[in-house]
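Labels for the chains are A, B, C, D and E, by order of writing; each one numbers its residues from 1.
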């Protein structure tokens, strides 16, 4: 009856769809792959000790053996960038995983239980969503001292409500489907239905959201380090490097801020592109 | 209507009490000790440190301190800041206006830039759409603190169009000239988010049946777009706007540090780093109250604009 | 020259990066004040045909043949003329009123938008006329309803508002795309009665698309049966029950359970309703037809006149329905 | 009259201040077939949901072969027990199957609840496909490749997986084209003849109810306004609402009745 | 008592010096070139033309109070010393000259007589009286939060013997009190404006009244402080007070400050963080210079426990393992010089010649790893444990600890780092025994241009800076006698003997002097960046246009 029925059914094979990632999509995957390798082997790859201070070399430009030159305290920029990759990528990975786990369980619990549980959780989410992550990060850093893990904990608390709210609406749609009711009547247990049907069907949406969240996570963690609440010096981290290099930038020594800044922007951009493409492929807007 | 509003106000009040209690508890548990921060590692005799602790009543148990703080708030006395050795209310008063200027100017940029991009992309397929979405994606990847330095370097130092630092001397004209660059830096990621949501919402509305009906009834395209598509599409964007506005207030900390603007965001970061209880609590209280007020305003606006909500609740 | 003339109308639509023909051959005429019911199962193309008349074919689809209204070809109309044609000469009612009316604006605005914006009526005239038509479609205390929002009205009332909005501009042709499918049977009956009475009193022509043959027969002068993008039979409504000559029409009528008696098993038509896209050659219904022969599978049957109906079936005159 | 397969007495359901179901009683004899007729909002679907435990009754008693089913099953073990007695097929073909699961897996999964031996499960699955008139190649496909009618057949096959004694058809054919509707109705009649399964047909379509159900109850705003054998009620309806319902169904010589709301 | 010491967040270099003026002759513009060719200056050529307003940045943040008695942080002194003058004044070269008092001299070992200057008026026009001086000195020595309670502990009573004379009675002989009267301890405020005024000199308050060349015009808490020239200043003269108004901003973020200097919105500033030094040296709109002073860095060994540092041989070994060149380069950007003793040249005051001779006689601080290894071997303790404390909140103190750890391990110590929080401040800066710490770093300086001031704090058993629990009967006896010697030359001789004993004992392990960086726009000149000017001398008196 509707015009839609006329179109031949869309094919859903995974392999075919991934090819539709597009040139830009594959470029983004390549960039992330490179950063991933650096994050894992960073310290091994670094030609010099990233924390060795030598003010005589402060802001010295690139010289042989030091492709990017030195920062304001005379530390080798290239090594700091490589080692910095670890904190700047491990941080978001842990953040996204923890947020996705908590967010998904809240969403499914709310969508499955409905009734009081749903009302209670949703009210809690409404309150928490209004609470910006940055304020949480500041408060937690006051209590437990500023460190990467405190920043991650704070951002997890900040990201989870909005993710939970997003996933709850799609979880509600899925639990509303008749096949879920039929499975219940057939005698399947709640956990069987959730883990064998609900989660697999929501998986594409959850993964797409997680990937998009990666971009924001990288930037926010970098921001917290910039404010001195995230990664503490002297450990190398892109966010702190942007902050530290800033006064140099204004004096014509832009390498540190631009290098660290572009790494942050490039990572966030790649995640955004992949997330966007995947969302479109899986027809999940 | 009234029942709906009372419920929202109740929820708001609960949020305020819950958050301030939480903040107070958090600061109370903080292992460090503000006086230590005050000295910043400088030597000071034990007697002098004890005298200072007494001055900022740091030794009272948690509950008495919270009660004395709350009663103080109602009498308008927010306590004295240990880090600045000044009355908290004077400290915040002078900075609140600066941050509000910054947030409002930034909000203007976000709505103008976000909405135009979003509507343009939503209404036109092909070129314009992919171009605007590409810009939105790129801009959303530039965090405020990276953006600030680029803007300072290019527009303030090299081109000299705008002042590089400071929040202006309070007058509107100087505020606008000083706050343009930081406002733009703040607007990058939020604007991109608004653009993307508006585009999606426009797409949903233009595919809806009632737009087909309007076309079939011969309503001209521009009227269909303005009356039916854009107007309906803006509703979800409004609630998003409320959230963004609230998030903006705190994220001013980034640009305030980069542009050396004396605002609430920057002050909060400094206060938190120095465990200045009175100041952190006061700013958090103000932020939470503004969250609740903004969310309430958005709810009321939503109630007025979207009749569907009314029938749902009634 | 008749009100609506459609000559070998064809439609190609975009399907997964290729364009394919979904409506192969539709031609019929409709005189002013006359009503025709287009019936068929899903994929028959009945709704696409109706929308083509209002110039509403789907995006990037290609319309073939000629559809003309009072002699003027619809697809040749420029934006100005098309807007004028839609706002005052043709009116359309949709299946689900709740999604067809903008939920965020008042019912009054919906009713008067067309006449105020396009025909330049003043707000007050439009308001009084709107109250008039609301009472005419049987809605009590219309002043209050003008200020109400769609979410506060029932499905049946909303459909009446939709009908009323079309009456304001005195259209000559009413296009109804399954207006009562979403309604309960009792509401359906009163809404159809309303449409029937309004149409006759205002001398409006109507094209009524439905999957319910009995409903179409009750309100239309002629019935046009479509299958897989082609017309299989066109006959006066009163002949449908007894004198239809096409195997598909007959099979459709027999497949429905009867209200006045009980059979053990329904003689269901085997297979599935085909869409225009799946047609290759011969008669589209051949695969499911009990009387199909080789000719049916090779040659496309042409619409030809047999007694009072036009039938597209090679064996139409051979089969004696009274016997079988 | 042997003890009824399902006996429902004084069933009611309250949502806030809305009485969706008020004092509904009926009996379904073994291999019997009863119709619950009513328009939208009449409460017929709520009754069906209460029977299969998807909703909790506010009051009233439900007995299935003597066992008390008034309250929904407490845990999935009890739900598995009840599955052997009563199953349900819903209206919308596009949401009755898990889009990411092939038809074969869906059937095998449903069978694995009661059958442990995997070979037996595979055999039974293809038997079910034949029983509902689906070609074997369908088992590898995903729901997206199937038409509305084929999906309803799969839904029916899945419901039969636990060999229930009764099947609730909640508007199961309402969303189908006329020719497909007829095929499914014939299929259900054949299945009843082969397995002796009982039916509860919830529908607003009086013609389908007349063809399919032996007896019926007519519901309006949660109340049963008329009950009896289908033929008798349809030929001599005595409640005003039933008369109006019958008069509103288009048919030979039918004229639409005008009524203002 | 304790001295104002600055070790701020961004780098140890953000430093304040006192008693400037190295041994170099009295030239006003030149300074003594250090090892890396950086020229230390005591002052800049006097300004020529008038300036309406100067924007000056103080990078260590807004002061908590402008009361000179509290002397909280660098920024407080730069503003305070423009407003409130002391009885005596310390010259840019470190000498003492009359201030609000024409003469201050000991009539006997325990009595000081102060002769007040005639005709001096406060900002509000009221005359400076003996009562104001008595009130100010009593305030400095009784307010429990004041810095100078310790310095003035020896003062028994302060009375106005007549309208223009004040007599100070001491409970025990103390020759440093006269010097103290040139610091915040001797700062005079108008009794009328201060007495009973709860928020005197607190943020936002403009009620304070002093005599200095600049008056407090406006204080917007959390953003800026504005001072304007005092038309009725008693020490007016041509070429002075050329700058009508100075607006102080407190931009702590290095990048923002650099942006301010470069864009011309900031005309100059003190307390420049190390990370901005290289950037500002390349600036075209202004010049970066270094002011000499009495500040120095040192490692403080904890000797009053049975742990490794109580053994003098191990202290000497550690001293010999320090990499002085690296410390000077990394911590002072090459501007500092290795320090032979804690009484660095900037604090010699009037007896420069005597102290210079003693300084030359002291052994040069040199890195001698072999000698150090030998000492550790002879110490009788194999692989001695050494726990180095560092502030967890100050990354630079962690870096310094890392450098020492490397050096100590290379000569046979088993060195580890213990990161402590600021909450341990009270415990660390007290004489208490510390079981988990052997040594910690500090930057320190002397308020008064007299080395005895600092040696009395470190050498005496109950000395306010004797955090290591050092005790030496001979040193204590010498200090007591020096404190009783009012004659400068005589006192210098005893102090030099104390110095040699402390150096031999390695009571502290001094590392480098800490000159203080400053920035000034090329359009301006006349700011006096060094020594006492930071603490107690109106540094902006000669500030004006360069041309």
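Here are a few things to note about the model shown:
Methods note: a contact is a pair of C-beta atoms (placed from the backbone, for glycine too) under 8 Å apart; a residue touches a chain by one contact, two chains touch by 3 or more.
All figures in this text were calculated on a predicted structure; none of them were measured in a lab.
Between chain B and chain D, the least number of touch steps comes to 2.
Under the contact definition, chain D and chain E share the contacting chains A.
With every chain reduced to the mean of its CA atoms, the largest distance from chain C is reached by E.
With every chain reduced to the mean of its CA atoms, the largest distance from chain D is reached by E.
The centroid of the Cα atoms in chain A and the matching centroid in chain D are 47 Å apart.
Note: centroid distance chain C to chain D, computed from Cα atoms, is 32 Å. Put simply, the C-alpha centre of chain A and that of chain B have 22 angstrom between them. One inter-chain figure worth recording: chain C and chain E are separated by 96 Å, centre to centre, where each centre is the mean of the chain's CA atoms. Contacts with at least two other chains are made by residues 31-32, 149, 152, 157, 164, 257-258 of chain B.
In chain E, the residues touching two or more other chains are 253, 255, 257, 259, 262, 421. For chain D, no residue reaches two or more other chains under the stated contact definition. On the chain C side of its complex with chain B, the touching residues are 54, 56, 82-88, 91-92, 94, 96, 99-105, 113-114, 117-118, 149, 151-152, 165.
Every residue of chain A that touches chain D in the complex is listed here, in rising order: 9-10, 12, 176-179, 181-182, 184-190, 192, 196-197, 200-201. Partner chain B is touched in their complex by these residues of chain A: 123, 126-127, 129-132, 134-135, 138-146, 215-216, 219-220, 222-223, 226-229, 239, 242-243, 246, 249-250, 254, 257, 261, 264-266, 268-269, 272-273, 276, 285.
Every residue of chain B that touches chain C in the complex is listed here, in rising order: 208-210, 212-220, 223, 227-228, 231-232, 235, 305-308, 310-312.
The residues of chain C lying in touch with chain D in their complex are 41-42, 138-140, 154, 156-157, 160, 184-190, 192-194, 196-197, 211-212, 214-215, 217-219, 241, 251-252, 255-260, 262-270, 272-273, 288.
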